[in-house]
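Structures follow.
Next come two complexes built around chain A: one with chain B, the other with chain C.
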Partner chain A sequence: MSDLRLLSGPDLRSGSESHADHVRRLGAPALAGRPLVEALVRSGLTGRGGASFPAGLKWRAMAAASKGAAVVIANGAEGEPQSGKDRLLMATRPHLILDGAFIAARTLRASQVVIYIGEEHGAAWTAMVRALAERPEFERRIARMAGAPHRYVAGESSAAVHLVDAGVATPTTTPPQPHQRGVGGAPTLVQNVETLAHVALIARYGDEWYRSAGRRGAAGTILITLAGGVKTRGVLEVEAGTTVAEAVAMGGGPSEPAAAVLIGGYFGSWVKAVDAWALPLDAAALRAGGLSLGCGVVGVLPASRCGVCDTARIMRYLAEESSAQCGPCFFGLRALSDACSRIAERGTNRDDMARLKKWAVEVPGRGACKHPDGAVTFLRSALSTFSDQFESHSAHWRQQQPA
Partner chain B sequence: MKTELHMTIDRIKCDGHGLCGELVPELIRLDDWGYPIITPGPIPDRLAPLAQRAVATCPVLALALHRAAASR
Partner chain C sequence: MILLSGVVVLGVLSSLRFQSAGWPRFLTTGLHRNLALMTLVFLALHIVAAVVDPFTHLGWLTAVLPFSSYYRTLWLGLGTIAFELFAAIVVTSLLRGVIGPAAWRAIHWLAYASWPIAVIHGFGTGTDAWSIWFLALSVFCIGAVAVAVAYRLLQPHPDPLSSARSEFRAGVSRKPNP
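Now for the complex of A and B:
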């Protein structure tokens, strides 16, 4: 097959595809309603926002709960600093996303569609506004835009609902999950924009077609972002199951010898480079190995950089991005981050190592959202991948600039 | 059907007053910042009254008890 599905069509550098060009190229979606929900279940499509939850099962639960006043939120609040795939898709193929969102609205009998986009994603915002204006009146009537603040947690699904409801993009206590009780109390589908774009294609070509791409038992294609020490950083569409080595080769290969790879972004895991190359980029396969695809970031750490220092820097970021609502997250991540920084700055000390190991067990699972869990998953992967460096780190943090 | 008692906590409401940890240390210990860590699993019957007191005493009403079908 041609590798490109979401990103096929006109040159991406020519900007967003117009509605007329989009319809001419792809025609109208054929499937909606229950047959589409069942096709989504069979397709194996999973959410591309980070949690990799099966989209079909989410739609099925929504369809059962909807009484005609459901809400659909197309989630384009891409808070992950190293990820660029959602904004690229919004800026170039807005109508695939809108197709998916309006198909969801029809299928789930929703009365509102909210396009939720990071306020700092200028090109994506402009493209989506323009695309929405090109849609037919019956779709425009139920749709509106909502801006997400530039915060890591703003893309979390309960935070998206909270923003739409109350203008505050902080997570809320779950259950109830958004699909049970979301915007204004109505069942709400919060679905990542890439996931919706896949839905738009499955509604045209079916689940068998979707599964006809994919390698090593995986289904479909995924958008990934190559970051860090690769020759060409940026967004790629690859078949699910493509290995890390193959994906990095598509970006021209490592820019210098690699020490480790961060798979899945800041809620993901460091893996030693030697172990990372053969890993398939597929949600199910990675999960089976205790890893996660997350939002599809593949970040390469060059051997010349210090894994402890980069870990300290990212932990500082994640601690600052806590929404400060839950004590174990706010205080716990700050304490973990401080301990990492002390080790990075002044060298290893036994007390901080002991604290890191203790808190890494105590903090996860004790927030309203998964922010502390994601941060600790990341930290634990660092403690194991860079165990030698953590055990005997010398003071040199200030000499390294952020990647 | 056999049921068992579980304690849940609203992490956003919880302000780390720590009364729960003092009332039922068998069930709740406090972390280094004073926030509760609840022992996983069902609450033993003998601790149910104390657990109920902890729920009632929490100044911000962050704790709740609920019954669920026994897992075994």
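Now for the complex of A and C:
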């Protein structure tokens, strides 16, 4: 149940699958070009980097804009601290990702493919370099590797473009979006590596096959990362629409009674455990409930840990990860983080509570990228999920790792 | 001159990011902007009044083309230049979203040219230039700008955003792979 499609095949512990084994197991992709784009649209596949944007629509826009000089960036930066699914996929199934990237290059008439990998993901980097060397010459000729600096914003799509273009992994103002004007001004597809791996399978088996997995009306499979208070942490492949409770059960269940679940990573939302268990892990269903699947992190907060302290710790991290380009993000997140930390360290006070509520409204929408918006989404979910704890927090600061 | 000097002083002070509980930062920039727009209105009155004055017969060309006046060619020309620099600064400020912050900033430096040229224009052609009240006013305005500029120059760069940004960019900069 945890290795349905992307992770099926040889034992993951045996490392990266070779090109020969990969081709023997899966054959060559059949679909490309326009039929593939339409199959992607029908499949309902969404981007797995965090924004859950429909992949088919992005490809369609790219195909219309491409004049033969387009660029494809396979995004394996995975800066989300709790997520591990991209690096696991890169380290074990590199050729699924490369298939997807080169299918994209052919379909979108791209002249360049960039494999963008977090510099700290050593095993993933090694596997992808080795896999690239096994590809045919006409693919190797247009491909190259680029390292993503170990910062949260480095995986943002305009930051990836900026690194390839100018060697600086900071987000730039959008619009124009990269798929309109990206590397060197050319339309650029920045697509998460998991998304590309799904494309590689849809190009073989079609969109109907893709939709044949999925529960409660959702389509396909997703990679999720179980983090925090679960018996077995790590990456699982589950059918879309699987509930949080079912996914956690696959990880052996909670390690102790749970208080809350952080869904979608640091740009995601805290949900009280009682409300979280029944939530389906599916981008559309979560969005309808005001939540987001993000990069698929399910972080369980045990009842013995303090949600306020963990929130303060994560807010501090997100404030420090601001690239300091936009004042509202740099100063706003720092002010919010300081207020959170004061509450965590010295206990609740009315002034800081009022500041948090006031500033949380003023910061979103005022950055070049969505960093401030994501951080504030996270903070506001904490203020509502942990409202009792925020109102009555005593002066303590637990030195503990984020859930 | 009072208005223009006020604009310059506020502009210089806004770069210091002065603020207190009773004077948030946007007051400085807001006052700077409104005062500048008001200056433009009074400046337009000044120019129109000078042009339509039947005594000098300056003509409209003088208002836009420097040194085209037969009458006090140099001093009026300086006034025209100061006006045009000022107009360029106001127009680019209104269009800042279109031209981008870098171009806007570059043109905004012209303020340091516009203001002294305007002051010299006042001394050169002002009919009351050497009266006591005008001298007193000039000393006050020049002093105010001088103090503000000196204060600004003596302060270390007060922008934490700028230094944090440089630091961050240095950390995420990579030479592109060949």
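FYI, the second predicted complex is superposed on the first by the 394 of 403 C-alpha atoms of A that agree within 3 Å, B and C clash if a C-alpha of one lies under 4 Å from a C-alpha of the other, contacts with A are read in each partner's own complex, and residues count from 1 in each chain.
The rule is simple: a contact is a pair of C-beta atoms (placed from the backbone, for glycine too) under 8 Å apart; a residue touches a chain by one contact, two chains touch by 3 or more.
Owing to the predicted nature of the structure, the values given are computational and were not obtained by experimental measurement.
With chain A as the common reference, the superposed partners chain B and chain C clash. In the superposition on chain A, A:His393 makes contact with neither chain B nor chain C.
By the document's definition of touching, both partners, chain B and chain C, reach A:Gly327. In the superposition on chain A, A:Arg151 makes contact with chain C only, while chain B stays out of contact range.
Using the contact criterion defined above for the overlaid structures, shared-chain residue A:Thr172 touches chain B, although it does not reach chain C. Once chain A of one complex is fitted onto chain A of the other, the partner contacts of A:Lys85 are absent, as it touches neither chain B nor chain C.
With both structures placed on the common chain, the touch criterion links A:Ala335 to chain B but leaves chain C unconnected. Touch criterion met: A:Ala368 reaches chain B, while chain C stays clear of it.
Touch counts on chain A: comparing chain C and chain B, the chain ahead is C.
Touching of chain A by both chain B and chain C, each in its own complex, is seen for residues 325, 327, 331. Contacts from chain A toward chain C in the complex involve residues 144-147, 149, 151, 154, 159, 163-164, 167-170, 323-325, 327, 330-331. Chain C meets chain A in the complex at residues 161, 164-165, 167-169, 171-177.
Partner chain A is touched in their complex by these residues of chain B: 10-16, 31-35, 37.
Within the complex formed with chain B, the chain A residues making contact are 172-173, 325-329, 331-332, 335, 359, 362, 366-368.
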